[in-house]
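One chain, subunit A, appears in both complexes that follow, with subunit B as partner in the first and subunit C in the second.
Entry: the complex of A and B
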């Protein structure tokens, strides 16, 4: 794709986002004109209306809907705020600007109607999520930037990022320092140009990411190493999904061996309850868990800590979670409750600094058919 | 400096670090040989032995010392652990490897003497700090990597980073994406080649960092924008200091207007109690605070939150803190207690998205003589 084509595509997306937003305002207008009380219908956004789509393997909203109607002062105020926000977003897209959720909250102080100003950031955050759902356009396409930034990538991948200062071609090994390539807030500004990768390895902790890079694992095994940095930002999850879908690369996730890390895997693979309307955009249901498995604690005799009460509760709630209802997870979680132990990724260092790259990952990835 | 010279310098530093470590072990050996009970003397590392060096403008250790002697089982065990750690570090330097503090803790499980194994990570962390103090060599020069990674840089700066895969020349505007240049764990692997910068602007939050980059502030004002990301990592503070000392650039710090952010400024400018032995290496006493000042809350009529009890306590303790004993800070902190308000950086958005770059920063930096 040439530079001009690429920019046209991005530009069309922005126009599409703008159109979808203005359509929403138009709907209110039409309702007024027809003498109806304006209203907006949304899927009910509570935990009880989240269902696991077995076929797609991700979380989505169920069938229940709620209606925001102007037939009460409270409802009318919500719609007023929505209209002001739509106007701001449409203008932002028109000027090719962007802003953060926090800035939107503060910006509302400058709006001429005091009734339209947000009283808390929760309110403006939720409105943006509502607009995402109603318009089917993601926050990133409205040019709303997240506060949390994406993590970093190291591997045999050549990409082109559209920045506000022109396009940048970056090879994620040859053109970056030891710290790697920093994922931008909106990874859809990235085009993948070329790669020699065999798979994508998402890594929870910075210490382990640095270990893999120091040991040259990305170069020796043709792996794109994506640092998750704990619970991954939307940008990190989106990039991971695109690496899978567009480059047809298997994705494996490497975390600590405790229930909180299984949730990190879950948010990469199945999506989160908070962003269930975006599962198709963010989740990679084909992602697989490489470890640390409770089985690894036993097999590799890793240094461990005992499970705390909250670890046990979290494991028990995962046993009830449809996302973890597979044979693999049931076995592993029951084993963990049984041995009453957890272990960190870096515990592999107890067998030497090269153990993870020379022994553990090759063995596990071999078993999984990735290597 | 040519590539070869640069590499020789780095190599010499490693040899120097190795020599300093082995000297410590030699000292124990000499003590044994002379029939003395081996011991190691350290500055007492408690809050009461931290003094503010008025001349250097940074925190340093006072005159009190503690002695670790092998005349008790507990003391002997400490020295044994130190000797094992020295051996590991010397070998690591010899092989040009590196490791994290967490890995060191786990690695000790593979040591042949069970008495030498660490019982907690606090213990191994403290030992490394002890070795830093005794040897006068920083952890980074032992090749101990931090868990926390450095933040990112955007600005008119061309640098060369020595990586394990060869040198990389990177311009921190032209060769990076919107996310900027990722600071490596050890920023002393960076050589500054060229720059068109007028000053360094350290920014607390990711949202504000992204705002400045989107508005092109780094390009328009020839600023090197360093993202602190909350309490800055050692790598970020070290790089900031080097930008000041080697490029002779003024450093200004831009944070939220609350007591916790003043502490972030303090750690950049004066050093922290935890790393008082490294203040000369990490702190930039010439750094100045651009805002948000309590005075700005008044002057710019910013959206605010009331102070919480813990905010008030933190402000009162800052009034007693020698680092904040200047006229500037006394006035500002007393004003803040008086108006009972705090404001975030992003609150400037209440006057529009360009207010910070078109009005606020130019005004403040003008007053400070930076612009």
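Entry: the complex of A and C
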């Protein structure tokens, strides 16, 4: 793909995004004209309304929908805000600018209608998600980005990124510092040029990522180490998916051994409930879980903490979660409930700083057939 | 104590000494000491009470004469005193009666009448006269002109406080501009500190007497307070009723018995009481017999009784054929009879004797009959039977040991039925056996017992069983057994004592009273009462209170102590009523406002006990007086309103009356609740309309800006959102179209009036055109079901200058969107 082509595609996407957004406004207009009550129909965004898409191997929204209608004061306020947000986003696309979700929240303060102003950032975030769903355009294409940018990548990978100061070619080991390569908000502006990687290793905590980099794991094992940083940003998940799909690299996820970390894995592999409309775009169903497994706590006799009540609730809720209805997870979660213990990634240090790179990961990855 | 007694002993004649200071107290002296009981405890209150008494009398007099009352009250300062004048347009009072009416306490027409009226004791107005005379020393000046008289008569009166007789100071004819009526003028020590109560009294009187016109002039105000008539309808005339059997006391009953002209109790009851005819009198008499004579136990004929043999043995000297016939008759009759009491057996035997006499020609006289009755009764009640129920002769020693009383089996069955299933067989048979023995041992072999004796009998048997068998047998079980026995017993046919015998014996009279009270008797007739009626309660409230909502309820008549009463309640809410603080409670008794002692009144207690939050009124703490812009009124009408004191300020706490007050208030309150609910939902709807009315236009503006198109028409969407009814006009070169769209889920009936400045043409049949001075009213009343629309089309001749103004009724404004 040449530079100009890339530019054109992006431009076209912007045009398309703008058109799709305006279509929504047109729809409201037509509803008004017909004497109908303006409304907007969305899939119900709850755990009970996500279904497994066999073809794509990801979890997507089911067929249950909820309607936001101007019938009620609440619904009317939401729709009014939606129209104001559409206008703002259309204008932003027109001017080829971008803003953050938080900026949108504050920006609403300047709108002439008090009713249209957001009362909390959750509200504006949710509205953007609603707009993504009804327009079929991702928020990255609206030029909306989260406040905190995507996480970092370290590994034998050469890529080209379109930046405001032109395209840059970057090697994710040689051209970056200890911190690694910063994933941009819209990873679709990246083009992969070359790589020597064997697999992608997503790591939950910053501490563990630094440990792996310090121990030279990425170089020794030809691993692309992606730092998730808690619940991964959409950019991180999108990049991971592209690394898997475009470079055909196996993806493994390395987290703490507690229910919250399983959810992090879940959102990488299966998609999250909030963004199930983007599962096909964000989720990497082939991703596999390295650890820490409850089994590891037993096998490696790791230092542990007892499960709290909320941990137990979360585990039990995961047993009900359709995304975790696999033999592996049922077994592991039940084992964890049984031993009533959880362990952090750093617990591996109890057997020495090199234990994770020299013993644990090679053993686990060997078992999984990655190494 | 001892010292006092020794003094008593030492000094002879102390009783004489005491007697010297014992003398009659005149009613006036009594009044002077007990002014507060009559509502004259202070100058402020005395004035209000005097006004009240005079106005009550005036209203009563007018109503009795069927004259719509027109009452004038004037209070004026007169030196150190206040002068009170009350004038009415009533029928007037005759020259002979007048001095007594105003100048004698406890003189009146009402005290002895069971009929609803304001005054009851004949104290009120004469007490006011007495109070003025005691405080100012001046006589009462009374003018009265009876209807049809050519002149009025003027009196000056004082009350002789020793004799309680009027003393006439002046008595002369005078001229008066009223054609009939009465005027009273008194001067008294008073002050206007109770002005609020005075106004309350007058205003509340106007509320419950919408047929009356009232005017009050008082010092310190320029204009008189005037309360105009709200209706020409006078209260229904009341008629006097005789006492109700449930409502007399023993003393009254004895007095009535002594003075009646009836000979028999039955006649007395039918003559002197309301709601008692022959049937009811018979019911009362049966109840009286039960109490006076007691009932007789009835027994079934046992299998062990060989009636023919027993009767044959008891008859002698009548020849075997005749005896056989008689015995056969008796046995036959016994067979077909159910349980028999002694007196029933006597009648049965007598009947058999009569028929046997007819067919055989032999006479079966009293002796034979008595012997027969004895023999059969003994067989029925005193025989002993073995386990199989066969009769055992007393001299048959071999079997006598196991023999039981013939009464045992039926009593076991009865006790078993009457007690709970938890009692085991030993207890049941234990009690039944003891009862059988006790009954058999009664002095009166007829087994005749009063209820009290029966209870004692059961108690004794149960006590012995508890003591010897060490089992428990509680009060309820005893009562159940006694009840079961009592229902099985038969009322005796004995003749009841006559009136003079009953009157002569206190216990007998008491039994009669109990019988009267224990018999179900129709509630007294209510034509002695004149309720205001729900309609006029509401009219009265409407007249005096500017509120948004009114409700009223009138209950059916109930009885308390033989006096019928009716409770009415009304509620006014919202409007100009003050929203702050407690609701206003208006209390009335026989159309008289009660202005003092609110806290002591049963009405207040009832209002406080109701959970007003249920009915949409604020009630701090969930009990007590509710808060809010409301007036609650309660009217109790009765032939005898139970007050807590003679000053008639507060209703006594009588449960029967309190219950009715509560039901009446709740009935009215339910209407209030649905009104408030509706109002609340309307308010929500209005709020929603307000917010949406702001949001949707903004949304439409923004949408049109974003799309770059003209602003869309959002009225249709708005109407639909509000479940509204929209009325829209389309106009095209003289063609007028009015479109009614009903977006609600129920049918709406509309009154649409289109006011057009030019003459309309081609108006369809379902619309009507009225020409009013160059304006044409096109009236159209479509019925539009939910989700439907209706269209009115017509033409106007001159399309250029036509002006339209549409007016839509029949739909609440909150639900209506007019765009025409």
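FYI, the second predicted complex is superposed on the first by the 318 of 371 C-alpha atoms of A that agree within 3 Å, B and C clash if a C-alpha of one lies under 4 Å from a C-alpha of the other, contacts with A are read in each partner's own complex, and residues count from 1 in each chain.
Here is the rule we go by: a contact is a pair of C-beta atoms (placed from the backbone, for glycine too) under 8 Å apart; a residue touches a chain by one contact, two chains touch by 3 or more.
Please read all numbers here as calculations on a predicted model, not as lab measurements.
Once the two complexes are overlaid on the shared chain, A:168 sits against subunit B while remaining clear of subunit C. By the document's definition of touching, of the two partners only subunit B reaches A:353; subunit C does not. In the superposition on chain A, A:28 makes contact with subunit C only, not with subunit B.
Counting the residues of subunit A that each partner touches, subunit B and subunit C differ, and the larger count belongs to B.
By the touch criterion stated above, A:275 is placed in contact with neither subunit B nor subunit C.
Look at A:214: by the touch rule set out above, it reaches subunit B but stays clear of subunit C. Using the contact criterion defined above for the overlaid structures, shared-chain residue A:97 touches subunit B, although it does not reach subunit C.
Of the two partner chains, neither subunit B nor subunit C is touched by A:138.
In the superposition on chain A, A:183 makes contact with subunit B only, not with subunit C. The intersection of subunit A residues touching subunit B with those touching subunit C, taken from the two complexes, is empty. On subunit C, the positions that touch subunit A within their shared complex are 688, 691-692, 694-696, 698-700, 702-707, 709, 712-717, 720-721. Of all residues in subunit A, only 22, 25-26, 28-29, 31-38, 70-73, 76-77, 79-80, 83-84, 86-87, 90, 113, 115-116 touch subunit C in the complex they form. Those residues of subunit B whose C-beta lies close enough to touch subunit A in the complex are 97-100, 102-103, 106-107, 109-110, 145, 147-150, 152, 161, 163-165, 168, 170, 173-185, 189-190, 205-207, 210-211, 214, 216, 219, 303, 344, 346-353.
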